[in-house]
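I've put the structures underneath this note.
Here chain A shows up in two complexes: once beside chain B, once beside chain C.
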Partner chain A sequence: MKKPSKLARNGSTWGLAMVAPTIIGLLILNIVPFFQTIYMSFSKTKAFGAYEFCGFANYIEMFQTPEFWKATWNSVYFCILTVPIGVFLSLLVAVLLNAKIKGKTVFRAIYFLPMVVAPAAVAMVWKWIFNTEYGIINTLFGANVRWLTDPNVVMITCAIVAIWSAIGYDAVLLLSGIQNISKSLYEAAGMDGASKVRQFFTITLPMVSPTLFVVLIMRLMASLKVYDLIYMMVEQTNPALTSAQSLMYLFYRESFIAGNKGYASAIVIWTVLLIGLVTIVQFIGQKKWVNYEV
Partner chain B sequence: MRMRTKIIAMILVIALALGLAGCGSSGGSSNGKINLTFQIWDVAQKAGMEAMCAAYSEKNPNVTIEVQVTSWNEYWTKLEAAATSGKMPDIFWMHTNELLKYADNGILADCTDIIETDKFSEVSLSNVSGSNGTYYGVPKDKDTVGLVYNKEMFDAAGVAYPTADWTWDDLVSASEKIYNATGKYGYMAYADEQLGYWNFVYQAGGYILNEDKTQAGYTLPATADAMKFYIELQKNPWCPDQNYFAETAPGTAFFSEKGAMFLEGNWNILPELQNYPDMVGKWDVAVLPKCPNPASGDGRATISNGLCYATAANNKNLETVKDVLKFFGSEEGQRIQGESGAAIPAYQGLEQTWVGCFKDYPIDVQCFIDMFDYSIQSVNNASRPEWKSKVSDELLKIYSGQVELEAGLANMQSIVDAASAK
Partner chain C sequence: MKNNLSSSRKVSTALVYAALIAGSITMIFPFVWMLLTSFKTQAESMAIPPQIFPAQWNFDNFTKALESLPFWNLYLNTFLLIFFRVICAVVFSSMAGYAFAKLEFPCKNLLFGLVLMQMMLPSQIFIIPQYQMLAKMGLTNTIFALVFPGLVSAFGTFFLRQAYMGIPNEIAEAAYLDGCTKWQTFTKVLLPLTKSSLAALSIFTAVFAYADLMWPLICNTDLNMMTLSAGLSTLNGQYTTNFPVLMAGSLLAMVPMVILYLLFQKQFIEGIAMTGGK
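And then the complex of A and B:
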């Protein structure tokens, strides 16, 4: 093997030095705490950082708690509600924003705006919009839907807000994918007499599929980890709390309110496994539909 | 995507740098000067606390105290993390909900030698006591819960204003009349402990925790009857149900003139007068109605809580900090607090300094002081953080009809008993 030249060695040293802040940051802030969390999930924690190893006790307790299974289902249900519809709408918006319409940069900005607003502020405003007695939706339609307190509706309400706030970001990602598609493909298709709808399904969709795949993975992960939105929308005095409590919400309550950090860590590890499983399934499934040929 | 990773990496690095810079800045002392930090959660009391600190610095020019406000929701997360890493603020407020957890784990400094014990009530002193009876903080204030009512709605319905002789029956009949005459809600009873069912339970002669705080009393007949009364108030047309309160806080409903009465703690009265200037003059406060047929006692009770000033046992400037705490607990310190309107001083005999802050408002807050005669210490024990949210979940299940009242109370009983037994 040839010895690397001095220049190359110098370069790699410099390279390492340049990425060191990031690597150290990731190590301290992400990697080390991740392993600590794993260890903590096998410990009984007491106040002020004291803990002792307790084997699988947390997991056994967790799997026997109906609240935990309810929270798991709530997180999955939230995914089912938000991901397909959300990604579909984002794609639709992306295609429309790519069309030749007047003031499309303005529309692009408008669609992206919800992403810029803090989730807490978004939730506060939507909470007023959905208020049963004084909210604008019920007043406008003369309806009496208990958007935030009916156990069967509350998750749908949260999903609507989640989709609304994510569309802009996903659409911009997809838009960049769509704009990479060569115009000549559309010209050729148009020449051959393919309709716009046909062009979408045979050109746009396959060509944008790698981006779509990324968006899908990110959206699924974010949905399984949903916390801030539900925390802000559904207060702890809400009778529908158990029907809206996601895994991360349950984690927050166990960890920071009840001070049960070991048990809370077990919930986190379970969520990590769940997300991992879903992501693996997606990576296997993508072979069937994602097109990497240009 | 790479751009995103880059940005995330940059944010992480910046966060890291800030984190490092943040270390080692507290409790600093340079050239004889001592800088102390003082952590509180109520922004409405910041000015009062700063006035107190300024008075101390005037006498002790080498000490400066910086008041920092962290919102209630983050306060305890932050304080516990600080305690775990041994970097607590020099002085901080302590709440009865959490005091025992901190005291019993040896986090708080013993303050026995700096408290003028004859100047504070028994309730105030037990609010700062650890499980071993040692005082782990200097009493700051004391509070009571009163009945806030809308005078205009009472007038419109032709009902006399609440008096000290009012019983639960009067509360119900007044609510009914107001609802029938004006269409507004009467007394708004919602799922809450200190500003809700606890008051009713103790008025009826029941209890939430027994004397030595080892066992709950949810299944006692007196407790169960009071809770049944309180929870079933929402079945009346004049009281909104819990779904309503989940979206609209009773205070919001009251100050939007949707309802005539609700229970409020004295610490909220001044901010409410300031925040709702249009409502000033339209409302007043009264003592809590009494239970007409208590199992024991005279049917009177109000929950009284009290905060305290505390410091860490391992504080580097413990001598100085304790001197500051001593000043905060002295007549002078407590007078400054009272006159700022922040809270009723725990120091006995200074209650009127707080009442005096309301002289420009058409409201009679004396009733909050009168209620100290029969006030009950706010419920707590060392495992309270553990059972608090579980009991609250169970209460919500009763409200939403998922659990019958008796079964729900039995569940609450076993939740508290199990947590307290550890």
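And then the complex of A and C:
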């Protein structure tokens, strides 16, 4: 056991004083609201902002509403569409950017660009590109796909935009993981005559798996609570709304447009439990493929 | 044999370039299309087959966008939101990060547990009570309302704690023994050593504050108090089919951040990589 240093000892007043702003802020802004939301999910909204305890009524109502189950499926479907392809493409970009090429920083900057553009602006331009009558995709290919209003297509359209937005960010994270791999491993493999493809599967992939796991978890969590992109791409008047409405979109509409704060709280609690479940499954699954021996 | 090898290497390098360039075009095309559309007339934008370049480069659409949204207010509000969030994140998280990493005090683990708890939970779980608090104080439609959920940063605290833990105890110890108080040890000796982490945290905070949509839409419903993102979403309803104006508005909203990005490209990417990798 290391002895606590002189600085660390007798530090209690200073220590408490220095964490005080953050802790007080967290208590007011997060911890108390967290319990309030749980309480609200068991209450009915009354007139004048009052609440009345109502047991599981909100949850029972929620579980009986098809719109809620549709929103849950939409969020999960959005994950299925975006996470595997998105993470795969990001890894591909990261590996390509790691090759011995010129203009690496320019490429990296281009792929990263959507990250610094607000999702609101990103959604706007993609809505234009995917416009049914005049959008460049349909007019160029003479197609007539209703990208944003066909209930069977709208989620795929949103997924394409989401993948496009996130590739650069994930690729940058994966690239920094790949660059941390010791060069000597590749040199040794090269001497043994292992091909580049083989080197990727035997060296790069296992060595970058911890970073890959972080990216995967992050992307899953973000996709399950997707809101802004879909809110911008699919307005509330869109006939395909129920086919694209994610849980957080439904939450926003219930709480701040319809004013059902109790019911909305139940939705958000459900989403948190769903995210928690998916995360736990990932953490159990990681033992099979993530390599921590560095 | 040797010739063969080098030519196959050339082919694979060419393939890498081809793939990267194809990807880059996909990444840039929407922005180019946005720019071209923003200078077209509405009729030109709806031409079939599509017309690539506008016949005349005129700024009418930008004028229209500037008329329908109070852009100067939006710029100012977004700037103030980012400014105050960054200041709060840097100051409070530095103090807390230092204390959690280097000092001993009662309930330290419990208090750090609160920080972790906030990080694990999605922000939407706090949003209704946060709004109600704000409404009770009568502070909706203010700059304070925009900053409110970001007054303290659990992520910043966690991130800077890591930075302080990376500084050897001996450095702090030496300063302390030389007669610095605990506060001086922090501000004069250790804080300057976390400069790159502070830059990363600032960029991270700025990018996410700028992109945020749900909270600004909820807390400030007065158009003059909105952020660029929220303002843009109202333009969406106003000009449902006039895409040249929508594109001009989107360009106006994204330009400041993109300019900053082009100037500090390296810091942006490395900062985000640093915060994301933790």
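Please note the rule applied: the second predicted complex is superposed on the first by the 268 of 294 C-alpha atoms of A that agree within 3 Å, B and C clash if a C-alpha of one lies under 4 Å from a C-alpha of the other, contacts with A are read in each partner's own complex, and residues count from 1 in each chain.
Just so we're on the same page, a contact is a pair of C-beta atoms (placed from the backbone, for glycine too) under 8 Å apart; a residue touches a chain by one contact, two chains touch by 3 or more.
It should be emphasised that the depicted structure is a prediction, and the values quoted were computed from it without experimental measurement.
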Overlay on chain A: chain C relative to chain B, clash or fit: clash
Chain B versus chain C as contact partner of A:L148, first or second or both or neither: first
First (chain B), second (chain C), both or neither touched by A:F256: both
Partner chain(s) touched by A:F112 [first = chain B, second = chain C, both, neither]: second
Touched partner set for A:T202, first chain B, second chain C, both or neither: neither
Contacts of A:M232 with chain B and chain C, given as first, second, both or neither: second
Partner chain(s) touched by A:M40 [first = chain B, second = chain C, both, neither]: second
Contacts of A:L26 with chain B and chain C, given as first, second, both or neither: both
Contacts of A:Y134 with chain B and chain C, given as first, second, both or neither: both
Partner chain in contact with A:T65 - chain B first, chain C second, else both or neither: neither
Touched chain A residues, chain B compared with chain C: C
Set intersection of chain A contacts, chain C complex versus chain B complex: 21-22, 25-26, 28-29, 49, 131, 133-134, 214, 235, 256
In the complex with chain A, residue positions of chain C that touch it: 12-13, 16-17, 19-20, 23-24, 26-28, 30-31, 33-34, 37, 45-46, 48-50, 92-93, 95-96, 98-100, 102-106, 108, 111, 114-115, 117-118, 121-122, 124-133, 148-149, 151-154, 157, 169, 172-173, 176-177, 182-183, 185-186, 207, 210-214, 217-218, 228-230, 232-233, 236-237, 243, 246-247, 249-251, 253-254, 257-258, 260-262, 265-266, 268-269, 272-273, 276-277
Complex contact set, residues of chain B against chain A: 1, 9, 12-13, 15-16, 76-77, 80, 83-85, 101-102, 105, 107, 190-192, 242-248, 385-386, 388-390, 392-393, 396-397, 399-400
Interfacial residue positions of chain A with respect to chain C in the complex: 4-9, 11-16, 18-19, 21-23, 25-34, 36-37, 40, 49, 92-93, 96-97, 99-101, 105, 107-122, 124-126, 128-129, 131, 133-134, 136, 139-140, 164, 167-169, 172-173, 175-177, 196, 211, 214, 218, 221, 225, 227-228, 231-232, 235, 248, 251-252, 255-256, 261, 264-265, 268-269, 271-272, 275
Residue numbers on chain A that touch chain B, as the complex places them: 21-22, 24-26, 28-29, 46-49, 127, 131-134, 146, 148-151, 214, 234-242, 253, 256-260
